[in-house]
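Both complexes below contain subunit A, partnered by subunit B and then by subunit C.
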Partner chain A sequence: MVSLAQRPLTSAETIGYGAIGLAAFLALWSALSLTGLVPRQFLPGPLEVVSRMVHLVGSPFAGATLPQHLASSFLRFAYGFALGAVVGIPLGLLMGWFRWLDDIVTPIFDGLRFIAPIAWVPFAALWFGTGVGGPILIIFAGAFPPCLINAYRGARFVSRPLIEAAQMLGTPSRRVITEVLLPASLPSIVAGLRVSAGLGWQSLIGAELIVASTGVGFMMVQAQLNISTATVMAGMLAIGLVGLLIDVGLRQVEGAVRRRRGLQ
Partner chain B sequence: MIARRSIVGLGTIMVLVGCWYVLTSATGLVSPGRFPSPQDAWESAWQVTVTGYANGRLHEHILHSLKLIALGFLVAAGTGVPLGLLMGWSRRADAIISPIFLLIRPIPPLAWIPLAILWLGLGDAAKIMVIWFAAFVPSVINSYTGVRTIECYVVEAASMLGTPRWRFVLEVLVPAASPMIFTGLRLSLQASWTTLVAAELVGALYGLGRILNVAQQDIYPGMILVGMICVAILGWATTRLLAHAESLALPWLRTAEA
Partner chain C sequence: MDAIRFDGVHKAFRRAGIDFVALEKVDLAIAPQEFVAIVGPSGCGKTTCLRMAAGFEFPTSGEVTVDGRIVTAPGPDRAVVFQQFALFPWKTVFENIELGLRNKGVPKAERGDRVAEAIALMNLQGYETAFPHQLSGGMQQRVAIARAYVLDPDVLLMDEPFGALDAQTRVVMQEELVRLARRNPRTVLFITHSVEEAVYLADRVAVMTRRPGRIKEVINVKPVRVAEHWDDHARIEDVMDLESFVHLRTRIWKSLRDEKGSQDR
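Our next item is the complex of A and B:
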């Protein structure tokens, strides 16, 4: 019997199976490291990684403690992400409204889109240095496209009657954009922001691996050079956690916007 | 309408190239140490194609990067799509695997690079591992969604007609989920390129990222630009190739659009 039409699992079953899966995963990981099948230096067990992470909170590695590294990474991310949103969203809305702007920007944008954000690293380092400016450009390169695309799509799919009503009442272009297009495309924009944040965060890590001299990515590269696998894995865990927190925060915003629109 | 767009687009690009020439070669407003003039870029392209740069000539770098992309992408698609189909098909498998997935997914693929280097060194294996991690997730998620959004009556009709399990998988499940599978593969391909370039920038002996890395260290803007243009062209070409494969594999969607 084909099981697609099967009954949903009860919540007890979901939790039970989930626990089995997680337990199997952690057990396999611990077993590989504890039995020495994989040398401990290259695969520390889960507990070791967590204790290493706790240790890093208090004592510095590569010039700063883990929270300090995370803080400098997050600051860069916040600048780059804000820049992407501040440039991308208005440009997307304007492109959705003015055809000539759309015609001019789209070919440039389509050309640039195929350059992986991380390929901007050499120019970023050359133009803005490796401190704050360079990484910001790379985060911007990752976070900008989804902001622009979603604002543009949101503006293009605003229902015609709304725009026609506004025009019939003699609303000037500027007010149509701020008072009709922007509110109407807000759900799409917020969805774009979530994608942006994910790509921006990932670009930041890439940038820090290559050029920066502070931040979690830098800490991981130093740990890799010192063959401290536990520190590398603690860094991955920290990056994952912060990325998750950013996503959860933006998901709250998205939910709030959608609820106000009565979309859910 | 398309004609108007291409005319404006062509005009824009010509104006940009014109600005590029005026700002760099003609007036020198942008110094050649910041951004190359068209002539610098041309000379860099010539140098890397004919005499070679960063351990190899351009076609060797390109072939090396393409090989890694192809291997990593195929491994990721070959493991990710079946896993996604399985998770979509069996709620039990879904319940077992999802939590592990939730644990690993928030870690950006690029964060695996130091670990991959620790485990596998600077060679090809580390790059394939990182590409695999990057490309695996979109394949799984979209295949999963593809199965989950199959209409219930299709499944019921197939089981009512007594379709054996393997025929159900081959003739109902996979075709019905395939538009989503291809969406996932497209995202996987993009992720593959990003990760490969990053991994090669961190450390490699050949490849486009290697060109970029050496050019950065040599402060050679012309070569940086050539490397970036190559990345863009290859990214575009592989995406087109995948779109072509999609239209060959899913002929019924083409007729529906026409």
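Our next item is the complex of A and C:
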């Protein structure tokens, strides 16, 4: 029988269990590749992937080193993510405040947001090319919806007395948006940015697999053509690590906002 | 001219497809610098009265006027103190109190002086840079009262301001409000369901009927308070022991109880 009221784990235990999981994963991976159960060509071992990655840091592959590919991917991501936030957050706040705008935008938005960002690839390439513009559109398609939804929800669920308090203190109607709606929605917005960054980063790599002439995704496709599976895996590892770093960074921001607000 | 007037105020609304009459012909006139409390059974529409004076809601028919003007929108001439404080959690104590003055375009230096004055008035010195969530409920409500007083409003609208506080904090706040109201008299409309609080604080107490709410009777407390020197007692419990207080409280309580009885039957 498993008790529902389990004792909370100490942080040492949490780290320990995490290490066990990671070790088991690496052991299984090594076992599969080193015993030859799976051909090495199909599944390079962990050490091979890491050493390949180290190699790629110094020597170019597909026209650039791994850090250069990553930098070019990250720049695209930053543009698309910023665009998603700059458009999504104000639009979401305004939709939360003006009911008519909500009624105009919501049907279109709900219709479009279930189209996977990757499905925009053909048009992104057609309209904006495969350099910077095309991939930005695809990241935008991934990053924009969570920005909008969270700003909107934040604004819609602002406690009524806060708005009334601002009004009775003589805050002009349009300034209620910046004075109350935006700060009140900030915890929700920051949570949305985290989701948004994750989706944007994932969409970007997908986009680069198809369009682009630099970037980690492009590097991986070139590696695939050369049947260099270790390079492909090194790319996957790099994507995972950068994604994790982005999330950790935004989690710090989220934590700071919530602490300042007394929410934790 | 009356500071606040309710003239034949009728309020109907529709909830879940059912029509309710919340208020039925409410008439009440509050003189300048008078402190009037409204007591009534829950759901009688007393908060709705306050919200109409604030400009958050509007009568279905009849008129609500403040200083002779029909109320059309909320504004800093009618400062509101909410039951749940409604402080801005992202602003410090100082910034919360300052916002109304900033909206009025008061210069920065003068704002600083006036906020400091309001902070001193409500005994909030030392908490200027604290955030609301770092304060107790009683302290938060002091900030909310300071935020209202700093605007030097013609009218203060207090909607069960001590309803969310624990009993001891509540007593302290009641004593402070009496001190404040006698020293800086304002026109106050005070909503409560505590008869004792109403009798202790107000010049006049209006008793409302159960829904649809009307003003059943208005009891004049001030002449008794002045004649019996209630204000010579610093502590609320000493006032509450006075025969004149007990007499008024019982009278209002009976009036109110008749309303509650007919509702529960």
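Please note the rule applied: the second predicted complex is superposed on the first by the 242 of 264 C-alpha atoms of A that agree within 3 Å, B and C clash if a C-alpha of one lies under 4 Å from a C-alpha of the other, contacts with A are read in each partner's own complex, and residues count from 1 in each chain.
To be clear about the criterion, a residue touches a chain if its C-beta (ideal position, glycine included) is under 8 Å from a C-beta of that chain, and two chains touch if they have at least 3 such contacts.
Model, not experiment: these values are computed from the prediction.
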Touching partner for A:Gly206 - first (subunit B), second (subunit C), both, neither: first
Partner chain(s) touched by A:Val87 [first = subunit B, second = subunit C, both, neither]: neither
First (subunit B), second (subunit C), both or neither touched by A:Val121: first
First (subunit B), second (subunit C), both or neither touched by A:Val50: neither
Touched partner set for A:Leu169, first subunit B, second subunit C, both or neither: second
First, second, both or neither for A:Val195, with subunit B first and subunit C second: neither
Contacts of A:Val132 with subunit B and subunit C, given as first, second, both or neither: neither
Footprint overlap on subunit A, comparing subunit B with subunit C: none
Parts of subunit A lying in touch with subunit B, wherever the complex brings them together: 1-6, 8-9, 13-14, 16-22, 24-25, 42, 100, 103-104, 106-108, 111-112, 114-123, 125-127, 198, 201-203, 205-206, 209-210, 217, 220-221, 223-224, 227, 229, 232-233, 235-237, 239-241, 243-244, 247
Sites on subunit A touched by subunit C in the complex: 159, 161-162, 164-172, 179-180, 183-184, 186, 260-262
Subunit B residues within the subunit A interface of the complex: 4-5, 8-10, 12-13, 16, 34-35, 88-92, 95-100, 103, 106-115, 117-119, 147, 150, 152, 155-156, 158-159, 163, 165, 168, 190, 193-194, 197-198, 201-202, 209, 212-213, 215-216, 219, 221, 224, 227-228, 231-233, 235-236, 239
In the complex, subunit C residues that touch subunit A: 54-56, 73-76, 78-80, 82, 84, 86-90, 99-100, 103-104, 131-134, 147, 151
